[in-house]
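Following are the structures in question.
Two complexes, one shared chain (subunit A), two partners (subunit B, subunit C).
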Partner chain A sequence: MSESGPVVEIKGLSYGYGKADAVQDLDLTVKPGRCYGLFGRNGAGKTTTMKCLLNLLRPKSGTVRLFGLDPAQNEVEVKRRLAYVPDYVAFYPWMTVRETLDYLASFRAHWNRVTESELLERFRLEEGQRAGALSKGQRTQLALVGAICPEPELLLLDEPTSGLDPIVRREFIETVIGAYQEGEPGQRTILVSTHLISEFEGLIDEFTIIDRGRNVLSLGADAARERYQKIRARFAAAAPELDFPDALHTRRDRRELEIIANGGTPAILQQLQRLGPESLTSEGLTLEEVFVATLK
Partner chain B sequence: MMLWQINYKSGKPVYLQVVDQVKAAAATGAMREGEALPSIRPLAEELRVNRNTVAKAYTELESQGIIETIPGKGCFVKPNNSPLKKDVRRKLLTEEIDHVVVQAHHLQVPPAELVEMLKERVELFESRRQSRDAQPSGERKEH
Partner chain C sequence: MTRTNWETRLFKEVRGLWWPWCIAAVASLAAIVTEGDFAESVRVFFLCGSAALFAALSFGSEFQERTWPLLISQPLKRSRLWREKSLVVGAGGALVLVLDRGTWVWLHWFTSFADQEYLLISLFLFAIVTSSGFWTSVTRSTSAGILCGSVSQVVVFGGFILGVRLLYKHSPQLVAIMLGDHKAALYTLFGIYGLTFVWLGRSFWSGKFLRLALMTAAVFLVPQLANFASEGQPPIEVLFVVAIICSAGFWTLMARSTIGGVVFAVASQTLTAMLVIFLLGRFVSPELTVQGPYLPDVLCIGAGVYAGLFLWLGWRRFARLEVREPVAADGSGVSGIIVRGGWVTRWLISRPHHNLANLLRKELRLQKPVYLAAAVFTACWLVGLGLHLLWPQQGYNDWLDLLLFFYIPVALILAGCIGVGEEKGLGISEWHLTLPSTSRRMWLVKVGMASVTGLALGCLLPAGLFLLEVLSGAGAARWGGPTREGVLTAGLLAWLSILVSFWASTHLGNPVRAFVATLIGLAAGTGCAQFGIWAGAMQSSMTGVQTNLLTWLITHMQWSPASFGKSIGRVIPFVTCIACGLWLFLMLRQSLSQFRQPELRRGVLLKRGVLLGALIFLYAFWARAFIAAADKAWEFPQAELEQALRELPPKGQRGNVSLSELEATGALSASTEAWLRGATISYTDVVTSTNETEAERAFARRYGLFANKLVNVRFPDGTQYGFSFR
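Entry: the complex of A and B
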């Protein structure tokens, strides 16, 4: 495989716990240097997908490839090149922060000590603190330090910020942007699963929305914000009953009309304009609003 | 010092929002010739956007001749001197004007009123620019 091939490639992935399929026929490709969002509600199949990538679960069917390699066949090679931050982080409680990092570093060929001390200071983590005495936020911060210092080519983040306070969440994302993305752009790829979409809005280049294990939408972030628009019109009399083919949702309330358009906004605006509305506005949807609109 | 803002509801690509803000700041005098832009990492962290987005914006600004990169030093606002030929510059601006003309039609603003409005805006812009120029640098305040 050439170095410019996809970092993550999932084709036709299915996995089931018992009878129900948690993931069904999922396709997903992450190119080098991208920050890719995997969005879904709780139980949509995000963690199952991540676990298949990490060879913690064996796919029922389909293939997963990381750096062009099968994680089941080349587990060591694959894990050497990535780092993973799960939503629930556990460390050996008797180890100190220092011992935990040394322990993590012992599995790695490379460890950036400068980044390590910079991040410990930023997060105000004391090296002598016992891991068992850390708060949930501090444990996540420690896990992030452990994930960034080896400077992996791929960072897998599974619901990394859920259950954290807003300040810690903010610092987490700033750290991913600042410290992780600091390296060679083609060598810094991120796959993040989350339902806290607005937190990651600026970081995400491309995303996939999954629901009940199935791919609902895959799109670039800028393209999504341009394509999905909220159009509002107010009329002097009762709002007309209209049916636009590109309207995802239409709401009428007496004189007002609200349309969520999936593309075709200029055409809809033009048509509405002809009806002489008192006011007519449109705005892009944020990624979180796109998520809600497509799952409604 | 610039106050940056990203609006995810504008429907405009994020990197273009950065590009347009720098262009506006350079045109109004909020950023002056030779002034340094923030480096990519702190700006990306502050805006909480992907570093590649800021890098792409700076590359675009450089190709449009708005800023220049001095290796090892950073990015700086260039003297207002578009590398494009006059007819190309006029053509680019014509496209923007046409867009406004179309909008004016739909918003039922008559042509004479549109011309008047345009004149007002240009005058306002120029007077702001001059009042900035009149103030000694370093004592400027953002309102």
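Entry: the complex of A and C
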């Protein structure tokens, strides 16, 4: 892979369970050092896409490349450079936390013991505790420790915050993930699939929204916030009925008018200004609002 | 059709037990086709094993699928859940026993069946049950319905018997067949009558078919059990099934695992039976022992008490059940060895380096259910051996065979499927594949560890225990000394069972499903081989093609039967080894491919299983046809030689014949001439009795009994071939 080449490259990916298509003709590219969000509703095809990346599913059509390599052909080379946290986390129930981490470490050339002890302390995980006795959230924490300690180039996280309590969730996202990327800026990439988008708001650089296996929207987070704007106008009399070609949704509530704009915000503002509103404001949407507006 | 809530819940229970129940049902019916002690033993193993499995699965599947919280949190009393589960398991077991005993009745119908009064009682009750639905819906009263049913039966059957006697009064033999010793017509009429009334009362029975099945089972089983008690020959499998149906629930809830439940249930009832009979015989009366006259009564009463006790214990256990495990495969109570200390177990702890060693350690620990089964089996065996040594005349060593016969296949199949199955059940397999090691390496470690554990605990452990038995002087004469071929064949079959089980586990979601699929697969594979052998023997055109080929080879290579036999003797094992190797390679390839892509795809298992079965069929078909062809390959050249010798002018009582003389008769084809080129042919005429009648001569000619010409052919390579003809 060349230094500037994409870490993840998916072209025309399709996969089906029986006759039902889970992913259809999906394109996706993740550049190194980015935190990339894969957003979608339940059953949209996020986990299937992740599994195709990991060679756990054989795509019906299309190509998948990680670090420029085919994961089916360069199995170990690819797996050596990534770590995966699945949506359903399970460990051998008879192993202790210590044994589990040692077991995972034995597959890695590098394992950061300092990070490991810091994370164990932060998550309050006891080394002697059996994995079978861990709660769902604690298992996710253990999986995250196991994924971060080898300091891989790519972190694949499939719904990583499900089951975590709010304190750990915030700590995980803001501190752990942030610290992981800052460890080697521009080199460590994260591909996170989730439908709890607000939690990753500050971290995501780019994202793709998929629905029923199809790519609905791929955009940079800043570009999205700039492009998707919520415009609010308040009039002295009843709000006029207007039709803007760039408006995704328009809501009239007596004297108030709310428009979700997909680009073309200055033109809309200009038009509204001409109608003499009492107040006129515009603000960028959060990624979650973009997600809702796109799939509504 | 809409189902009531109750029916929906029962349907869910039935679905979960369907496949093991089917194996038990097929094993019950298989008595029709099995011949010989070994086949009967295999049938009984399948019957008892699958009955144990479906009895344990009712509770065990809730652990596997982690559905206890969902089930128990529903607004239903636990007693009701217990009753519904017990009802389905009980009905399934009763139906299996009806099929088993029904098959027995069928087989003994026209031979030595001496219990017709019990069958008649059963059929009479069956007719009352089936007709009561119709009559109850007509009269709108249960008691009136039963009364009307009984009256209609008396009228129909009384009228039938009277009619037969009047109509066929001049054919007493026909009357005897219909109503006499065999009562064929009477039984048929009962069957038709019963089924007709089920159809007539279908609106009444709609939604109550399970109840109907239970009542049917009861009316057939109760008189049969009474018969066993009075005849003194209770079939062990019936008592085994009754006891295990009632006790498996308790043991499954104790072990929190299906496999653990089956192992403990089987061990518990075997140990209990051995110890109770021993203690009764020792301290109460010598007549209550294995060899004593009251064994049937002891077993029947004992099985009843045991079943009742464990049913109650099972309910107590269920009422107090706590859902503790956050994760479970077949039940974390059994899966994986927990390290508690000691250098041996400490060795099992994963280290931060050497991932191969860690993979091996992890696989060793995953095999815990096999160690558990081995430990329980060893304990039972040692108890049996101890009892035998204490009281040798009682023949406890027969129980040891029973244990062995149950344990070996269970250990082999379990060793094959537990490694992959447990990981899938725990939900680890996909995540584990993302660790940086090749999937082939992980797969090889799994196959290797499954094979080693299976062969060690499924073959070497029983062999060691048997050696112990022999050394203690308890079982020296029971089995003959092992031959090299026998040991090799047994070892290969054992390994094959492990690999089939491993293959099934890579295609299915948990070890119990893999276990059931392996049982079905092994039975189906044997069936394919049998069918192939049968078809190979029946099919003549395939034989014809191969016969011509072999005849061509014989004649052009100038083979004698001895050298031909030697060559064929080498060919068949060689080709068999190649074919088995290729078959195993294909199966393992399928397994590796599925292991790498663990997504369970519908129909893949069936498609691949059909392919493997078809290959078994084709090979068995070819091998049988080839053997038949090899037998026939001599007929053509030998027949030509016989014909040529017959057509020779008389030359004296003995002498040599040259090839040119034989060629002159014109009876030899070019290939036979090539066969005999350079060979020395000599003959001797045998003088037969002149007192033979024409009929005797014809008979002798037909069956080749008395030859009057002995022929010897010496081939250029020095081998000889002799035959005779008339």
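The rule is simple: the second predicted complex is superposed on the first by the 291 of 296 C-alpha atoms of A that agree within 3 Å, B and C clash if a C-alpha of one lies under 4 Å from a C-alpha of the other, contacts with A are read in each partner's own complex, and residues count from 1 in each chain.
Keep in mind that, in the parts below, a residue touches a chain if its C-beta (ideal position, glycine included) is under 8 Å from a C-beta of that chain, and two chains touch if they have at least 3 such contacts.
Owing to the predicted nature of the structure, the values given are computational and were not obtained by experimental measurement.
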Overlay on subunit A: subunit C relative to subunit B, clash or fit: fit
Which of subunit B and subunit C A:Ala267 touches, first, second, both or neither: neither
Which of subunit B and subunit C A:Asp222 touches, first, second, both or neither: first
Which of subunit B and subunit C A:Val76 touches, first, second, both or neither: second
Partner chain in contact with A:Trp111 - subunit B first, subunit C second, else both or neither: second
Partner chain(s) touched by A:Arg58 [first = subunit B, second = subunit C, both, neither]: second
Spatial angle subunit C-subunit A-subunit B, Cα centroids [nearest 10 degrees]: 160
Partner contacting more residues of subunit A (subunit B vs subunit C): C
Subunit B versus subunit C as contact partner of A:Leu275, first or second or both or neither: neither
Superposed arrangement (fit on chain A Cα atoms) - minimum subunit B/subunit C Cα distance in Å: 26
Touching both subunit C and subunit B, counted on subunit A across the two superposed complexes: none
Interface residues, subunit A side, partner subunit B - complex: 33, 35, 170, 173-174, 177-178, 181-182, 185, 201-205, 221-222, 225-226, 229, 270, 273, 282-287
Subunit B - residues contacting subunit A, complex: 6, 8-14, 41-42, 44-45, 47-53, 55, 106
Contacting residues of subunit C [partner subunit A, same complex]: 325-328, 332, 335-339, 349-355, 357-358, 362, 365-366, 426-428, 430-431, 433-439, 596-599, 601-602
Of subunit A, residues touching subunit C in the complex: 17-18, 51, 54-58, 75-76, 79-80, 82-84, 86, 88-95, 99-100, 102-108, 111, 130, 132-136, 139, 143
